[in-house]
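Both complexes shown next keep chain A, but they swap its partner, so chain B is in the first and chain C is in the second.
Showing the complex of A and B:
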């Protein structure tokens, strides 16, 4: 795939001087409405050159619509889109410096693999001989040269995925948009393909915008993860930020392994808040919140222990309902006093300490809790 | 629920009633026609000697040959007209009408006229096209013409107009079906690969709907080739096509000549269908997706 590598240092095409050239994509408060339904509600985003960005969220959160706005397949009602510093909000897809990979790959069924892959170059009106040569190169680098004359209908899912990727990458776009690109693949294939795509992105330096509802994909691939819900961005940041410091109750509950509590601040002292919840009263780091205000906070499952000490100022008693064993992690599901579930992870191949049905005292340190400070957008 | 497996004995038995019916009303009469068309001699009986004389006589007559040519060119012209209009209607209904209620209304508007017979719909054109017909009155009212245009009724033009209205939906129907089966992502993928709309149509939409176009063209071809009723009503006595000649010979009790023309008409149709199958294998419709 190194035939595509030179795009990393691609020619510095003439760009308007007004925009910062290091941004591949900028969304300025884009909005998209369908009748009464608001699909995208004021999404702003800046993507630096060569970033791997994952738009993560449940279905219907607006991530795909956002991607389609970038592609030009939807026109936002409001807001602006800049690709490489150039305003493209009203430009049709065929005038934008992007390529897109569709969830079901959208290969042209009446064309051979080679024709599919060469389509983008044909549209750029490249000479026939040059197209044929380049298609051969790319097919080889994607290890699908033997499929050149086959029709898409006779290919396996993994082969189709490679053809779709080759077809999108051959034009060397500034940004590659990927709409759930591995969602249609067999589960066993996904991890390999993810790694390949990550390596390809690093080698080519093309910005990837990857839409997914699968947080494993988002956190293992993305340099920047953008969590969306109800047409808005809930939080964006590095995977560590979002995993360790969720900004909202939604992000905390959407991301695996968090225990979310909601309550009211009853006391504040020494940078700690005492929050009264239906599951008990807990200490949470924070100082900006007024007494009486409604807050939410979360604690990760691996930061909870059943070996409570004096520094585990937060404690609650709960009954274990199930224990799930994953080899390196033993996940215990407890029923909290407020009826919600509490997850507690025990790492390492230790013997089980708690069995289903057992009542235990669980504890965690105030500094392991994260107070949600609202949309960090 | 019980199912019948393909190629099991039961599935063959299911075909028997239809096969008997087709044999009785299609295959045997066609064979009889072919046989009668070869009868020679003076008496009209199965004892007649077999000869190609009837065909030789037909081909020796320049007027008849001209009629074959006229029928074919007329049909091809009508295929072109209905093909273009039909495709435009199909494209409009599937791609441009977004609202499903509107789509239904339009679809019914196109389909409801088909609830009456082709003969009635053909005759219905007479008051439109006549010297004092609706079209002439409209033209004179708007001042487009001072005297009525006689060329509408009892002319090839009038026949073509009536037949275009009768058969355009036959050309459009299969295209609507094919257009609906094209995933929107295919067009979107082409657009993101820098193809402007016309190129998307030419490279993606048209090739994928080609089987529908061909089926529609075959339907129009077969129907126009066999349509004597519209030609007789809208064309009056001035115009005739091959099927009218069959009728003429039949009414004159010239059964051998009628058989010859019928066989030739069928041969033309067969050639047309075979040619269509060469372009697109309609039996493998949709196998590529």
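Showing the complex of A and C:
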């Protein structure tokens, strides 16, 4: 088994020094087509034991199909899937060491909560008394013991979510697959549930693969965030990597708070490129790009300032169209010379310096700019 | 004075309600008439006014003469209908499951299945009888008639099951698969209990459509007749209130069967009620 490739990536989490880090899941270039539509196009991924992985992307990007391939609900046309080092590409779902939580929870409507939760153990042919005891224990730990005899139809959304989670976790699978697991919950519940799930994951050490289109979920939960678009992985890395160093224009524009520019390299000197865009000419760190090549880069909204000094070598003049106030952040939306929007965040609850309608000079340092170096598309 | 739209809509509701009641009366009065006339006295005719009131014709039905003994045809028809119901259940669930998988040629399969509803019964029965003669197969109520009846009842069961699966959330099955249940276990533990109301409906279709089927039985049954054939034969010979008695008896039995099924269904629905979010 290949053990070298992944040692360089990720955070230095507590790994036993003697054993090589164990992979819970490895995807080797999986591909899935439906007729003419390619849902997953060569996705490769390595997930270490106990990682919290978020597959993030817009709807139709292939994240759910990828998850369903891991579950065995879809069989990839091409490529391999290894769970715990064992090749399972052709194995049915019931022979894989996984459990799955569905967006609308998919509880068995004709069974009581206790029966739902005990189903996985029943399938393992455990003795009845043992199942009953374990179900009681699990129901208690998920604080749903009082619901044991109720049918799913009479439960609230939050209760159903707990039942679904208890049902999936009771067999202590190697990997828990979660398909938009809090998408069906009331907005007010989501933050609490997210925290609970994160704590549960840390306590149990079970690998979570969480599919979502919500970047707040992905960045606040994931140890590893995998951004997908058009059936491919655009970028994978720690949340900070993706937020601070987006690899493609897609990632930069998908992630909140980035201002994306596209242009042509016209000059290169001292590790800086001068890029000519429709919104002006800007300096961007980089050296590998040839003069005349098309590039994209981005600058985060919080790295822009209206109090420009001499080190703010990148500047543009724009009119503020609207200001959104979030308490700790004041976000200004400007209209760029090329017609796109420019977001500029002013932190702290200070008095507003710029009002809607005002024209201002905005600037940022070249080193606050990120050149997109990932292979787009 | 202008009437408010709520009031007008109420009035329309009343008119439609009255029409509905009239339609139901139109549907049920003939059966009620037959029921009443079956209790005519021993000298009773077959129309109103009734000549006395008695159970004479029910006794007559029970103590059958050689010429018109309805008990063997009744038994045959019941067995035949039960067999059709079972066959319809098994085949229609399988066919509808196959349709979920969207196989090659599934729409052709769909229309071919429905052909059984479209094709005129007399032609189907007659054609089938000719084919059996060509093949040298002896006609009998429990072989040839059974096959023809299933070709009639199956499409109804099939449509019922298609409608049931159309509303079925297959993620519930997928959840079972990911929890370690094989396909067959998933079907037994999850799918079947959830589609059971539809399955019973398909079975009821199978039973009732076969039980009173005449045109498809006419040429395919051979010497031992089914109940509708026997009743028609009796009508040809002599019309007595005994025919009414048998009609009433079978109607009552059918009603009891339907009531039992629906109440079972209702009880089940109550216990599995599932609010979709």
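Annotations for the structure displayed:
Heads up, the rule we're going with is that the second predicted complex is superposed on the first by the 353 of 377 C-alpha atoms of A that agree within 3 Å, B and C clash if a C-alpha of one lies under 4 Å from a C-alpha of the other, contacts with A are read in each partner's own complex, and residues count from 1 in each chain.
Heads up, the rule we're going with is that contacts are C-beta pairs under 8 Å (C-beta built on N, C-alpha and C of every residue); 3 or more make two chains touch, one makes a residue touch a chain.
The model shown is predicted, which means the values in this text are computed figures rather than measured ones.
After superposition onto chain A, partners chain B and chain C are found to clash with each other. Looking at the shared chain after the overlay, A:184 reaches chain C, while chain B stays out of its contact range. By the touch criterion defined above, A:337 reaches neither chain B nor chain C. Of the two partner chains placed by the overlay, chain B and chain C both lie in contact with A:153. By the touch criterion stated above, A:73 is placed in contact with chain B and with chain C alike. When the shared chain is aligned, chain B and chain C each come close enough to touch A:104.
In the superposed pair of complexes, A:94 makes contact with chain B and with chain C alike.
Looking at the shared chain after the overlay, A:85 reaches neither chain B nor chain C. When the two complexes are laid over each other on chain A, chain A has residues 71-73, 92-94, 96, 98-100, 102, 104, 106-110, 119-120, 123-124, 151, 153, 167-168, 171, 177 in contact with both chain B and chain C. Against chain A, in their complex, chain C makes its touches with residues 169, 171-172, 174-183, 185, 190, 193-194, 271-277.
By the touch criterion given at the top, residues 183, 185-186, 188-196, 199, 203-204, 207-208, 287-289 of chain B touch chain A in their complex. Chain A meets chain B in the complex at residues 71-73, 92-94, 96, 98-100, 102, 104, 106-110, 119-120, 123-124, 151, 153, 167-168, 171, 177. Interface residues of chain A facing chain C in the complex, by the touch rule stated above, are 71-73, 92-94, 96, 98-100, 102, 104, 106-110, 119-120, 123-124, 151-154, 157, 160, 167-168, 171, 177, 184.
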